[in-house]
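Paired with chain B in one complex and with chain C in the other, chain A is shared by the two complexes that follow.
Right after this comes the complex of A and B.
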């Protein structure tokens, strides 16, 4: 898409905004900034609209860039607008504005340049060399995925699990569960990024290159069913990859597969987990893809568990702060971290455990627990880890 | 306004340290196949300084690099960022150039082009960190130079440089032509989109060889090259209370003659 077409698209979307400001009430950025209108939701898109319509100086564009790339892309504004106003897709305007800014070389944020450069050089946003990434697989006993290995499911681990030891624990727990349920699965030894960070940071051209590489990998290996560890990979495969190219490939988040395995009796949850837990909805599972029930059904199958809901849950869930490329940037205007707010909300519910199903949420929330100073009373774990503890006596 | 920016291709400094290997006999770093070559970050900042001048003043930027054929990729990346053209100086005869020989070759290349108002270099190389090439080029060209620029402004045939010093900044004014070495404080280099990078990949980059520019004799020699070994032990100091842990730590440190 040319710059002119992008600009026109952004103006067209934002023109439909009636400035009712209903979206501002649900924008998480207003929870952590001074709450100026321009610091959230339609305030950001209106600022971009003004800049594009009436051409502003470079120094203002840099300030606009900071606002634009601070968006968590949690999609709360879009849902609110659909429910209570005219249904403008502000996130579409945000995505396209990021593309526009990157092409003009005003974006992304300085700290977000490295992940993009690493993606181009090494196929992941963390700068891991391909051989280093493979090290993670050693000793796992999981075959490289190919039709020849008779694998039915391609488990797409994602970059964060191969980089962050804490998320590697989650991946190992999931692998143990799939083995316990006798799922025939494999991993791509040459797995690279799904392209999520490139899409979120407005690097459309690189994103499209990565997509094509992955699609040809899936096709050459005869992939029919992908299960992802991260909701971000899940959303990217589902909503950013061309539907025509992904035809015949079923894409699931692992919480959906676990639900199916429990229903089919392939995973039997015997051990009691007598804990008061609350489930944090990851934005890219919930609001982006309407998956609210699968993880709750999985949790509901655990004997002894007591599930309490956050006041802001499901479509109203508060973002952990990790979406939209924010895992690689800090924003000066922010006075608090969203994960800290979420941790305090969990404490007020009397929860002993926050359960989530996303690497970014887990990392941010664990940081939140430390930063709020409640490590003794509140734990953050992934659904896969909780299920593993519930089947441990099995076989 | 004609600006030359000298850039250098180096091994990606972001790779994990265990992937950094050297050939002690040849006294060179080894490039593993999966490790990429990138533009030295200081040089990217020198280019950013040039681009900021170009943002406000009509300018033409030429990127010059002494290096292997592969350095054409970083020159093209500079073009994707907004430079107008690039020249590679490459020949096996330049292979063992030290900072002095590099400065001689670059100075000759700049003289051959003979039309630059301002020459920008990174404060130092991103690999050897010697920081001598920029000043060397200025000396050989017989033009004034200022090192460690945190900000550069050009007006009325003069360049005003904010120089980063230990206790603040000093402002220096020079008549053009002049050379400035650029420090990190200039700010982050802009990110060229991959669309721009792929577009610039089509650009032809001329190569000047030893037939165009005479190689210089290096004045220094690497006597030995090695990766220093580091050993670290971690010991947790026990104690019933934080105070006891503190005093046990102090005793340990005294025992180790650290305090």
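Right after this comes the complex of A and C.
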């Protein structure tokens, strides 16, 4: 698509906005900035519209870039607009604007350039060499996925688990669960990024290259069923990969597989977990893909557990702040972190544990717990870890 | 007039620096409101300020008078007729968003609220105490209470049942255009007899001052019952509501209609299938459930008498929520299904008429007006039939050229004006100034217009507060 076509596409989307501002009340950016209406939701898209229409995008490129790349892409504005107004896909305008501004060399944020360079060079946004990427799984005995190994499921680990020791723990817990349930699974020993950061940061050309590489890997190995650890990989496979190329490949988030395994009796939860927990809906599982019930069904099957819901839950859930490429950038305009707000909300519910199902949410929430200073009273656990503790015999 | 940078810098001396913005994108965002046509570039304000107290508002207005700077007051900018957008170059937007205080005085049957509190937040707070916010405006997700009081609107509620917003206003704190702070009204549920200055500010659309705090009477919530009727002919819904009044039934709290075309997309969104015709909704209110139910049954009976193909009291909470949400979130009608061409908002109008004229008004929207572009656009009729106040909205295909869309907006305004003159009515919901002022002037004549302008000049000698909303230069 040419720049002119892209520009017209952006204007077409934003022209549909009736400026009712219903989206502002649910935009998380207004919770952490000074709350100017120009700093969130339709304020951002109106800024883009204004800049493109009056052709002042060059004059104010830095201000525009900071606004555009600050969006968490949590999709709360889109849901609010669909339910209460004309149903404009503001996020579509934001995605396209990021592509447009990257092509014009105005974006992304300076700190976000490094992960994109790493992606191009090493196939992951953290700059790990392929050999380093395998470190975390030493001794686990997980086979490389191929039809020859008789694996049924490709477990797609994602980059963050291979880089961050805390998320590697989660991946190990999930692997133990799959083994316990006797799932025939494998991983890609040469796994690279799913391309999520490139899509979110507007690097369309690099994104397309990565997508093609991954699709050939899936095809050459006869992959029929992918289970992802991260909702971001899950969403990318489902919504950014060409549907025609992914035909015949079932894509699941692991919370859906765990739910199925529990229902089938392949995972038996016998140990009580007597904790008051609250579940934090990751944006890319919930609002982006409507998966609210699978993780709750999984939690509901743990004996002894008490689930309390956040006031803002399911489609209203507050973003942790990690989406949209924000794991790689800080924004001057922000005075608070969303995860800190979420942690305070959990404390006010009297929860002992925040359970989540996303690497970024887990990292951000754990930082939030430290930042708020409640390490003694509140833990952050991934749903796989919680299930593992429920299948293990207490001793 | 001082230059823009100096003004922004001066404003940061007057009120807290973090509440002053000269940022281009903030200025563009705050300059726009919900009126369909984009603000001209030259009218982008030079600064946005968010004062936190009446004293800060006062300082801004004194400064604006000194330098003859136009000031536009803004709640959330949800106005459809351009009242909160700048009409003069080099203006300041005064946003009331920081005025969010809430004090409950339930023993004295009132609350005191900051003008910037969002209506939905207020509705939820009051519900916690068992009180009903006496207004239900379509834009309540972002609209402020100050905006609703300034326009004197109750949206989807019926005046003849509970009165209008102004009837609940017991007191007002306001800043006059020249900067003086006044507190007027009473703390008694007994309204002042004779001169009551609150009436000059509630419904003044920001012409006479900036409302900062409002004392409002509480309305105890009651038991409710819900009626739905589906009709083959939209005009029959008009006749049904005329009959409700003729039979001297208690007017319902809520009486709305949606044409079959207007029901389609909201029904699809809520997975309710195809509508069984045009839809009428009524909410009744009683001190006991029996009382509310009895009124609802009577309305259902009236619906059937006026040829409803189906009419019943809705008892299933989920069904009720979905049906009422279809009306309350009316902008859903511009939502599309895959394969359909996207419709954009072309023009929207609001027309109260004498009760007897409801069926004629519907015919006027559909066939009788003479505006050719509107006849090409897709018409949706909906609105407050219980208050004899209907909306028409014209959706235009996204493929239409912008100029044709703009023409739709203009023609819709012309139809509105024609209706007011034809039936002797005026806006019951959205207000009279800005885009509607020419029609107001035509309808009431030069003497009434001069009276309004003279009143304005008496309190705003330099014409700095919302100038242009009364058309002419308001300064002396």
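Quick note on the criterion: the second predicted complex is superposed on the first by the 390 of 395 C-alpha atoms of A that agree within 3 Å, B and C clash if a C-alpha of one lies under 4 Å from a C-alpha of the other, contacts with A are read in each partner's own complex, and residues count from 1 in each chain.
Note that a contact is a pair of C-beta atoms (placed from the backbone, for glycine too) under 8 Å apart; a residue touches a chain by one contact, two chains touch by 3 or more.
Model, not experiment: these values are computed from the prediction.
When both complexes are overlaid on chain A, chain B and chain C end up sitting side by side without clashing. Contacts of A:54 after superposition: chain C is touched, whereas chain B is not reached.
Of the two partner chains placed around the shared chain by superposition, chain C is the only one that A:67 touches, whereas chain B remains out of contact. In the superposed model, A:315 makes contact with neither chain B nor chain C. In the overlay built on the shared chain, the residue A:20 is in contact with chain C alone; chain B does not reach it.
When chain B and chain C are set side by side, the one touching more residues of chain A is C. By the touch criterion stated above, A:122 is placed in contact with chain B alone, chain C being left untouched. Legend: residue contacts after superposition of the two complexes on their common chain; A:249 is shown touching neither chain B nor chain C. For the superposed model, the angle subtended at the Cα centre of chain A by chain B and chain C works out to 110 degrees in steps of 10. The least CA distance from chain B to chain C in the superposed model is 22 Å. Residues 58, 102-103, 105, 107-108, 110, 113-114, 116-118, 120-122, 127-132, 203-206, 209 of chain A are the ones touching chain B in the complex.
The part of chain A that touches chain C in the complex is made up of residues 12, 15-16, 18-22, 24-25, 34-39, 43, 46-47, 50-51, 53-54, 56, 60, 63-64, 67, 80, 82-87.
The part of chain C that touches chain A in the complex is made up of residues 18, 21, 23-26, 28-30, 32-34, 36, 38, 41, 48, 76-78, 95, 97, 118, 120, 139, 141-142, 269, 329, 331-332, 334-336, 342, 344-345, 398.
In the complex of the two chains, the chain B residues touching chain A come out as 12, 14-16, 19, 32, 34-36, 38, 55, 81-82, 188, 190-198.
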